[in-house]
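Same chain, two partners: subunit A is paired with subunit B first, then with subunit C.
Our next item is the complex of A and B:
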């Protein structure tokens, strides 16, 4: 009964700790909502929000078969086949169920708060996984770590409505179910793992990590002579049912049996079948008989492999399509040491210790976590964005390390029953124990403080609203983006088409609800190049392109008045390069530099640059504006130069809207003039004497 | 060499018929049937072509899946393997088998198009 009482006590303790971890994770992600408002952040979440809105208003089948004609005009985008629907379906389902219970929540609020809620679920699944790997104490520590660690918060803050918010939960849960099925060898847990894997495939492209890590685990177990029937049951069931489940997502389609990223899983499956069958025969036959059959089997297998290789190379099916995980963005740079410490703090130091403990006391599931750790470290070192996949395993292994240390230095209460003649050098003195425990607790407290500071300062910016702080600490809010998008929404025709650079496409579609030409999906490089060419040519050439694309409005970002460095003039060279890639005869990057090779916007700048559409649109009437009595009129604060071309006149565009701090400028594209002025002088007509025929007048005289 | 292979196989078959319990023989017969069905489907695909590829895949994977689940059931109810599966009684194994088949067939029905 004491045992049951202890169990009840410890389960109440576990429950309350987990609940507090969920609460901490949720509250820690709310900085942006409290400082600004409940709004969707950045760029990609706006597309996800728009799709979810479409799902809730039109229904599931309309969403799955949606062809969006308001994006990538005039091409359109097949949304149903090019998104991972898990995020939208999850948000839509929660919204539907809440409204069914007559709790009328707007879909925007569901989207904003989805990631914090799922962070709580991630903490619970990390607890379950670590408990399977080590023990309950480590599980609780891991749950607390992952609730507040900055590496995960960066992609799951309130307002960041993106795939990673639910994908990390699905990842941890799938791994928990996999470890459970390897431990028990039950088909029930394996099918559970398949269903969780299906959810992961619907949520994120990173499912490829699961479908390569699990076969690697099975392969390493086979190499380590740890093969058992449980592993066979777990993996075979997982592979085959998971395969058919993953092909139900339209975006994934037939990739699991065609692309190279999925071939490892198939290879390990075939190998496992062969190995299991050979084990079965070995049990029943004598050594010589087995050897005969083995030779026969090996030669048959070699023949099959040879024929397959010939078939594949002949038909070119095994094309090594190098599908990049993500397009080229700044998040693809290699990771610096600073990022590791910034995102993980003390955990990155204790994580190798945890890995060592797992390898020292190895069993089937600890092999799995060791492989997970090694592969995650490799990927995180390659790309900053993949720090996110490293974070869960770092939390788990640090929890293992901390748990072992605490157990060693705190948990000797039972040993005190030993007779007191044991000298102090037998164990550790109580002073040493308490000092070490104190140090560990201090480290954990500093970790918590660091996490909250990082979340508050670095990862809680909505990017749609900018804030700057004056000398006396008061806050200055720059709401230009939303001001401009709402102007567009309320003052333009519903079917108007807006041309801008691809960065802002999703935001325009989401907030202004207008048709865009190019957006962040960047699937069609030629179309983006056309827009880039329009931005970099002079006004007449650009007007032709804009007429051919039916553009009504042009939107640009200009940061010269406030010193905003992410504006379109700073991105201009990328537009030129992309345009040059498709139209090398019309656009040359060297034209936009001075003869000395500098990129300058003042009088010394190249004439091509000073007359291109982007320059004219950015600096129209800027020459009249004097920001400061110390600087001349037309002084660009971002480039720190006085602009060269102050007298700008447009023939085919007119200014429609400029936001308060000149951040967003919208121009209307005028239609063709009714009367084109002639391009030659009028013909001068010399009046000649009137010629009257004598015959007619003669006849008249005769008649009268 | 071929002589010894034939003799090995015949000895194996003889040992199989005498030592395997009847329950496992029923499962083995079911597995053989599934194997033949799968081979037949693959042959059909090679001869006629892969046009509704999703239908072919769903049918073929259904055969492979049923085969694997049958093998898992056979492993779990084999009294010789009792040491590996202490928490799984034969009844539990069969219940898991039914559950897995429900999931498999639901997905196959959705995929068959």
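Our next item is the complex of A and C:
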């Protein structure tokens, strides 16, 4: 229809738009790097960084067989078998390639900038997928949306070296290859899909989503009587080769044939074989009624199995009541509408329109995207963290909606070829069209502005370095965390063991390079409960626990001087609850509240709280500190109260380090005394009455 | 004397898991010595005119607990469950200086009840499991709470499936409505709207419908902070999302349908108006919750 010149023009245009989308995605993720420096953020990325560092220094097989004895002392952690290696291997591979070309980049920089680079690749794969579903214009819009949408940026800023950064790329690419293999029915595309699925399994635990969505798609296609040879070839190849490849990852192991999350795929595979066989028979025989009844029975059975799986995930509410550690993580919470709007802006309002268009003009691949949308929106509604899996499909469907609107309201040129008499009656008029186009463009502009604002304000904080802004706009940097971790690194013995709450485990291991007791992996609840018990007991009981665990240093976070609300006293009740879960006879949560049921740190606080180890460590010497002349000494800015116990003395600990703003406090655990001091008074030596024996004269015995 | 009392209590317990007490029985069996058994007493006010809904809920949980004890293998004559209703034993309430209901108290075999023998209902709630934990704490008697399996959900589901199956069977000659794409599209959109307006959050957290300010009587439908939402608020957002989506669909309809140009133009403008106006409204609601958000469209 169009000449060769037009085709070249449109492909150059597509290429440049995609390039600009990649660039926009990369640069919009660089706020934290420009404001602070190139540093790894948060907590989990520090573990990933340490693993990648181990990989690059020791080699791939050492990494796969790595037993980390510097975490979870004295238990250790089998890293090779409990981690998804895709992220580390990708970063390691890029580092290796660049160093091979003598571009000497430090591994930390590769880790920091990996996620922004992969966001560009995600934009390209989203373009390919949407182009298969709708058309090129929608594809380009989708690529631009996903490059800047906050829902994806939140987990892939520069510095956030986490699985989701590469997993979303793998997800989109796998889905693109799947759609391609269903459309063409060729084994080549199906094998490509399997290889991409293998990469996804190595990258993220969310691969379970793929292995349930693709069978669901096949199942629904069978229900809609859209079964064809292409679907059969695509799914059979995908299931078998994908299964074998996914079991190569040590962490996944034999789960695909044992756990309930993978059973749907097996069920649909069996069903597909049965259906194909019956179709084959149908060409030979004519017993139709019996056949449909049989098919109905089998599909019902598979449907029941699938529904059970969904029911079990829905009643994951059960876990929340009985395991306090799951309830304490704030990411495992349901989603309010504000979170949807904050992360997706106008896309969340317009993607239902795209879904409507897809269903009304249905074909095999649009069934897929409709199922993807419905399942993703359900999971995102249940758990905030899964908003990330909703973001790609929202971008695709709202691109479809916007693209169809723009296509009808901007296209004047194509109508030139139509005969002129039709044009006068059919057209809506150039005025109406241009108003619509202009307003739509304004909405999209607002979207772009919103995305940049959200990225800049909400998702670009490294959380290792805190910044506060004064009235005149100058910036105050609080670098207490790194100060304390580097003090640990330079002033303690290499094999020293540091006890802290599990939030800081990865950072201590990454930055201070010291052995920790518990960290963010939280795989052993009893060990964490022991640490919680030590923090909540009084000093003597805590000292016993610390001696049994060989603890040398204790690290706590205290925010009372600057008003930091994420400190350990605010988290204290979770420590008590987790400890109470394992040691209910020793720790009772009600002991830490006042008789009226309040949690207070001032004089009216419960005596158990005022004498526990966490309280003493947080407020040691704080009673002498007066922050400003309006408040008394020992005024805790975070709790807005004057502390109750100002005269704190330690018997078994001594203060080792306190950072500049008192944010991090490190205490050294003293070893046992050489002699046990006497607790009681010495006996007083008082001469008693002289005893005169009446029998023996002349001798006096003085008894003492 | 003691063995008579114990026998009497066991007989009453065998008839009903929770023994009902009036003032005399209370004084004789719970307060007066000799006693070698512990008594758990629920002070409540279950008469309808008292309008104590908490008492009724606590009573159900108490019944579950008492039944679990009664039919458990560890059942002995060392622990009894009783109840004192205000209308039957008001003198008991007065004697113990009790002015709130429900209250759970433990009367130990020896000595007077201490502070911890009153169950802290405000902080812990009245779930049977928590009561059992408190009883285990005070008396060293472990009770495994056994809730009779609730079949109402299963029955409802079975009824629904049979209803749907019956309807399908009756219309088996004319199953065209399954192929109706509009129906499926509407169903999909309903699911999407329900989820994106936060209905799951409402289901799990159970917020109030709206908030009435006690001072000036003003009803606010939108929660002030971005961490929570009201039921009314989620419905408003649902309607706004639906309106914006409908606007986009109308825009597309207007451009692709073949009909009177004037009518199409009106549909187009209506669609555009829906999208722009309701999106601005949505943005302004978002602004009111997220203080510090600087952007707005048409409405402040």
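Before moving on, here are some points about what is shown:
Everything that follows uses one rule, which is that the second predicted complex is superposed on the first by the 622 of 704 C-alpha atoms of A that agree within 3 Å, B and C clash if a C-alpha of one lies under 4 Å from a C-alpha of the other, contacts with A are read in each partner's own complex, and residues count from 1 in each chain.
The rule we apply is simple: a residue touches a chain if its C-beta (ideal position, glycine included) is under 8 Å from a C-beta of that chain, and two chains touch if they have at least 3 such contacts.
The structure presented is a predicted model; accordingly, all values stated were derived computationally and were not measured.
By the touch criterion stated above, A:334 is placed in contact with subunit C alone, subunit B being left untouched. Judged by the touch definition given at the top, the superposed model places A:381 against subunit C, while subunit B stays out of reach. Of the two partner chains placed around the shared chain by superposition, subunit C is the only one that A:432 touches, whereas subunit B remains out of contact.
Of the two partner chains placed by superposition, only subunit C is touched by A:350; subunit B is not.
Within the superposed three-chain model, A:244 lies in touch with subunit B and out of touch with subunit C [touch as defined at top].
Residue contacts after overlaying the shared chain place A:360 against subunit C, while subunit B stays out of touching range.
When the two complexes are overlaid, the chain among subunit B and subunit C that reaches more residues of subunit A is C. In the superposition on chain A, contact of A:160 is made with neither subunit B nor subunit C. With both structures placed on the common chain, the touch criterion links A:590 to subunit C but leaves subunit B unconnected. Of the two partner chains, subunit C is the only one that A:443 touches; subunit B does not reach it. When both complexes are aligned on chain A by C-alpha atoms, no subunit A residue touches subunit B in the first and subunit C in the second. Within the complex, the subunit C residues that touch subunit A are 120, 122-123, 181-182, 184-185, 188-189, 191-201, 203-205, 226-229, 233-234, 237, 240-242, 244-245, 248-249, 251-252, 254-256, 258, 261, 264-265, 268-269, 272, 275-276, 279, 282, 286, 289-290, 293-295, 297. Across the complex, subunit A meets subunit B through its residues 184-188, 190-191, 194-195, 228-230, 232-233, 236-237, 240-241, 243-245, 247-248, 254, 257, 281, 284-285, 289, 292-293, 296.
Those residues of subunit A lying in contact with subunit C across their complex are 317, 334-338, 340-342, 346, 348-353, 355-357, 359-360, 362, 370, 373-374, 377-378, 380-382, 401, 404-405, 408-409, 425-429, 432, 435-436, 439, 443, 446, 449-450, 453, 590, 593, 597. Within the complex formed with subunit A, the subunit B residues making contact are 1, 4-5, 8-9, 11-12, 15-16, 53-54, 57-58, 61-62, 64-65, 68-69, 71-73, 75-76, 81, 84-85, 87-88, 92-93, 95-97, 99-100, 103-104, 107-108, 110-111.
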